[in-house]
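To start, the structure under review is shown below, and the notes come after it.
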Amino acid sequence: MIRPSGRNADALRPVQVTRNFTKHAEGSVLIACGDTKVLCTASVEEKVPPFLRGAGKGWVTAEYSMLPRATRERVARESAKGRIGGRTHEIQRLIGRSLRAAVDLQALGERTIWVDCDVLQADGGTRTASITGACLAVADAVQHLRTVGQLRNNPLRDWVAAVSVGVYQGQAVLDLDYAEDSNADVDMNVVMTGAGAFVEVQGTAEGAVFSAEQMAEMLALARKGIAELVARQHQECPEARS
Amino acid sequence: MIRPSGRNADALRPVQVTRNFTKHAEGSVLIACGDTKVLCTASVEEKVPPFLRGAGKGWVTAEYSMLPRATRERVARESAKGRIGGRTHEIQRLIGRSLRAAVDLQALGERTIWVDCDVLQADGGTRTASITGACLAVADAVQHLRTVGQLRNNPLRDWVAAVSVGVYQGQAVLDLDYAEDSNADVDMNVVMTGAGAFVEVQGTAEGAVFSAEQMAEMLALARKGIAELVARQHQECPEARS
Amino acid sequence: MIRPSGRNADALRPVQVTRNFTKHAEGSVLIACGDTKVLCTASVEEKVPPFLRGAGKGWVTAEYSMLPRATRERVARESAKGRIGGRTHEIQRLIGRSLRAAVDLQALGERTIWVDCDVLQADGGTRTASITGACLAVADAVQHLRTVGQLRNNPLRDWVAAVSVGVYQGQAVLDLDYAEDSNADVDMNVVMTGAGAFVEVQGTAEGAVFSAEQMAEMLALARKGIAELVARQHQECPEARS
Amino acid sequence: MIRPSGRNADALRPVQVTRNFTKHAEGSVLIACGDTKVLCTASVEEKVPPFLRGAGKGWVTAEYSMLPRATRERVARESAKGRIGGRTHEIQRLIGRSLRAAVDLQALGERTIWVDCDVLQADGGTRTASITGACLAVADAVQHLRTVGQLRNNPLRDWVAAVSVGVYQGQAVLDLDYAEDSNADVDMNVVMTGAGAFVEVQGTAEGAVFSAEQMAEMLALARKGIAELVARQHQECPEARS
Amino acid sequence: MIRPSGRNADALRPVQVTRNFTKHAEGSVLIACGDTKVLCTASVEEKVPPFLRGAGKGWVTAEYSMLPRATRERVARESAKGRIGGRTHEIQRLIGRSLRAAVDLQALGERTIWVDCDVLQADGGTRTASITGACLAVADAVQHLRTVGQLRNNPLRDWVAAVSVGVYQGQAVLDLDYAEDSNADVDMNVVMTGAGAFVEVQGTAEGAVFSAEQMAEMLALARKGIAELVARQHQECPEARS
Amino acid sequence: MIRPSGRNADALRPVQVTRNFTKHAEGSVLIACGDTKVLCTASVEEKVPPFLRGAGKGWVTAEYSMLPRATRERVARESAKGRIGGRTHEIQRLIGRSLRAAVDLQALGERTIWVDCDVLQADGGTRTASITGACLAVADAVQHLRTVGQLRNNPLRDWVAAVSVGVYQGQAVLDLDYAEDSNADVDMNVVMTGAGAFVEVQGTAEGAVFSAEQMAEMLALARKGIAELVARQHQECPEARS
């Protein structure tokens, strides 16, 4: 089998990272995984949601959206439809949980980091690119708080990155682009820490099923890909883990 | 470690199934997994959603809701809030995908099966109980269509059942109830077929992480529990797989 | 004229009451009036709505919903439509007002009883079955508050029950089921107390009219039916009126 | 007992009717019942709702709203709140049903009459004033259709008018104004035809109850008041019943 | 060119003003500009929006709506559609800004004037008639506050009035009615003070453009028309500027 | 007076244009006016809105949004709030009208150009930058249609560009940035064609007024600035006007 992109089964797409892509946010990272481009910003708010008030710890939450023409066909805005769809809900909850695994909420103190992931261009894997990019944006926001003296301890416990794996034409492959994703039997999103622990595993077979063996192959590919992504995160912002 | 319920780590809660719980639906199953009770109905509609029109195949879709006082504290209705929350979206998409893995949509013909899972009483694992119960309701609806002569071939390809597994106080356990679920580090919902293939794996660690070893333990427990649930489905309605 | 059910013009359908149908609510009653089945729960909240704060008295409010396949044809959920329809608004306001006639709000103290009436199966008369069942659920919730010592005086002033009457094929009949209701010229819902006073009278003639004589006949039937329902309430829970 | 307005217990407030109050609508009536002023328009649309298509008959439907400062305190617009409240739903359903009792939908043909009742100034009894005024607006719209030759037979079967009655300080009174309405124990809205048949009876006792005797007194007052209102309708537009 | 109404290019439509059209509002003005009739009420609320709390000054805000049959064809209510459209938003923001130019918010003190402009009948120029009428309603509300002693200084700094101008069949004309408005190349709404200063200029050419010369002609006509409207305002309520 | 940016009163901010910023849209332009950065895409859809069906002409419509952290303080998404605010409505209607002045809808044929203006970073003048950038995106989309042979005649009639002018500390200035805009007495957005005709003039004085002389000064500055912007548009894409 030859992948549409010509990549090896275990090859990531090229990753490009632009920090400080916009100027107002405490963290602002444009991440490109191949042709998928996501602007991830991290905004610090000096209060916490009602359910945490007085608990002496912070919160990290995420919102996700695609620009209407990030995709091959224009998609109507969710603001125009008056409601956020199920897919968006699922993705932004996933991003938020993943980032909270990277952050020591106690050390963050009573503040919220709002993460916004806005997909400027989509070519498969937007939710995993969002997580990888957003972790860098959170790192920059945390660095900002440390620089201005608002944090004593570093709340970033570890890097968190994500990648999709799947079964395409019977074979397990890493980091599916749109051409693969729209034809894959199985699609699995994996989120892991720099230390190699799982944060999330979400495997889905629309109209198909997968075997325990295929699952093991996919998890191995994910482990390899995420290790490369974490290395890249660390290279971009080594000070974040000091 | 002793589980709050006193169960062994690999023990399911007692399962009770009441078929034809209500009289109008083509399939109507009340499933009780311990104190979690879900009414699952399957309704046949002789048309398909717009994206499938003329494609010569059918559709299975699901909706999920909890009665306001299914829970310890009363929860406001989503109809009163005017919108469906992210958790509900996630769950009903999961149920729908799981059931579509059980049904040959081609053999179903151009009709839709609407599955409604309404939680009457909640004690953890409502989404997995919904899938297990709904598969029986779909089986009954399919049997109804076969009985009245509207289906030549049996579209039920296999049973599909689901269970939650997790890590509670450091140990992998099967079929978490609320007392465990609300204190677990890791929560994983697994959906499998009667033949033992995976349909969905959704593992989540809120504020924690899990190792590859823990994952393997959880998957083994899930496999055991789902095999028991499928046996129970088959015992309830053996004609569905003929 | 022979009624579709074969009942006499002045005969109620068989009534079945299951108390403690679910375990979390302070009051939980499944009432069946023939094939109409409604789960009525009463939940106690230790605060009152803004307009009553500091007034030294409590509140009783109700919500009503039908499960999507409670009916012959599946009906879309109001949560999916994003709004509560006019019929639902009308019914839940009616239930709330009816129950407030049964409860001494002063004696209840600064707390709210939330009543939820969820129709599991519909065969006509769902709103009146809701009122009759909900009054029992409120009674159980009130008993719970008395048992745990949170109430000095009994706030249940009297039983309240409801029934529908109508003109079917020219004759006044009691307790219409769906077969009659969908063909009746006149439909009247009557709510009365155990002492025989009126709480609500709502008579409607869709596309028809009714005479003063017919009205008198319907009111007499309602009085008879409600007396029987109140007797049944009292038999279920005699301690509520002590 | 002396009523706040000094009226006898069986006295209506003065009624003023201005036909053709606005110029675009086929029927446009400003009705004043004392200080309650409602602009009622009837608009003809040459199609019917989906459920009536091809049925060879027409439809009459109503919407009701209050201007924000029709009342003592300004009330927020329902458009600004993004939803129509329960009270509004109840009232517009009542108006629609009442008018359909006045109109032979077969004779109306496949068209819809949209009735809009907008309360310019409120002083109690806005829903009953709406019905009485709207029936005149419908009559004018029907006359317009007859004049331009679009109707062979007169679809107005009879006049329909409405009034409120209640128990105020222990005594049954006719046509309550705000000062009485806000203090009444019982409030009943009655809709009748010119021929003296009932269309709707809606009696409500918020936090109170009423006896069969009080009900009879209220109904007698309503009958008297409605007879006067129908006489006034006929005087305004005698040609409508020819 | 002869205008559809036969008016000269620089002639306003006849203006009629009815003060105290309804009885509850502090200011209530029915303004008719030709066949355009708008009920403008001003309601005083003794608090300010959150962004002004503690700032020691007041606020003026406006809402605008058309009755469904104010127009040639019935238009669905925005409350029924569940949202306020773009045109309504634009107009009510314009009215609010215009009135705030007339009022010294410091002198008004910490209170809000809610202005409601409800179009009873539309024939072009409803937003400009709303502004002219609403300024009178605000003047009456302010007079009411002065009369009851709640204001030391007069917060009405100047009259504010508005008119539309446009290019119709190549010629600049004043105060377009619907027949002109729906065929005009250019439509400009101008708001000015009694002293002749601009508050708002909003010129729009749907599918066309306009020259600097045409703009000058339109502004001259607007100046003339607004001077006449301000004179009329002053004649109605000379005490407001004392 | 010295402007916060040090610019002369009649100086534009530096303009940067990146065509083909994203790959899916028929036109995709990132425009930067100083620190204001807007991504403008033009998407071609081969159908027209209902009101134009069969009319043999096309349509151009626009949507506008700001990313949550485009601004100094994070602003909640309109999708999360469930509705589009008044300011957004105003702006997207303005953009749409402005672009329709640039396009011969007859020559466009029965198709729609959807313009999306998403503000990545805001520093004043986002709506005028959107118009100037969107006109280029429309030009690119039109060129695409010509290149693939779907258009015989060039529907781009002229360039359209926009700029803001205002009165800042008593002096008329061109192209206000945020520091000026938030302190200006008067703010006017002007849209003009390459030929120097007006498309829109929207002058607003929040809490202030402006004289005829100030208006003339502002219009002269706008004319100068727009001429420079049009020159820049033409330099970017000279083929668009051939």
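The chains carry the letters A, B, C, D, E and F, assigned in the order they are written, with residues numbered from 1 in each.
One rule holds in what follows: contacts are C-beta pairs under 8 Å (C-beta built on N, C-alpha and C of every residue); 3 or more make two chains touch, one makes a residue touch a chain.
To keep track of the chains, here are their UniProt names: A, B, C, D, E, F = Ribonuclease PH.
These figures come from a predicted structure and were not determined experimentally.
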| item | value |
| --- | --- |
| Set of chains adjacent to subunit D (Ribonuclease PH) and to subunit E (Ribonuclease PH) | none |
| Centre-of-Cα separation between subunit D (Ribonuclease PH) and subunit C (Ribonuclease PH), whole angstrom | 28 |
| Mean-CA-position distance for subunit F (Ribonuclease PH) and subunit D (Ribonuclease PH) (Å) | 51 |
| Multi-chain contact residues (two or more partners), subunit E (Ribonuclease PH) | 82-84 |
| Sequence of touching chains round the ring, subunit E (Ribonuclease PH) onward through subunit F (Ribonuclease PH) | E, F, A, B, C, D |
| Of subunit E (Ribonuclease PH), residues touching subunit D (Ribonuclease PH) in the complex | 22-25, 28, 35, 37, 39, 41, 43, 45, 63, 65, 67-72, 74, 77-84, 88, 114, 116, 118, 120-122 |
| For the subunit F (Ribonuclease PH) and subunit E (Ribonuclease PH) complex, residues of the former touching the latter | 83-87, 89-90, 92-93, 97, 100-101, 105, 188, 193, 195, 197-212, 215, 219 |
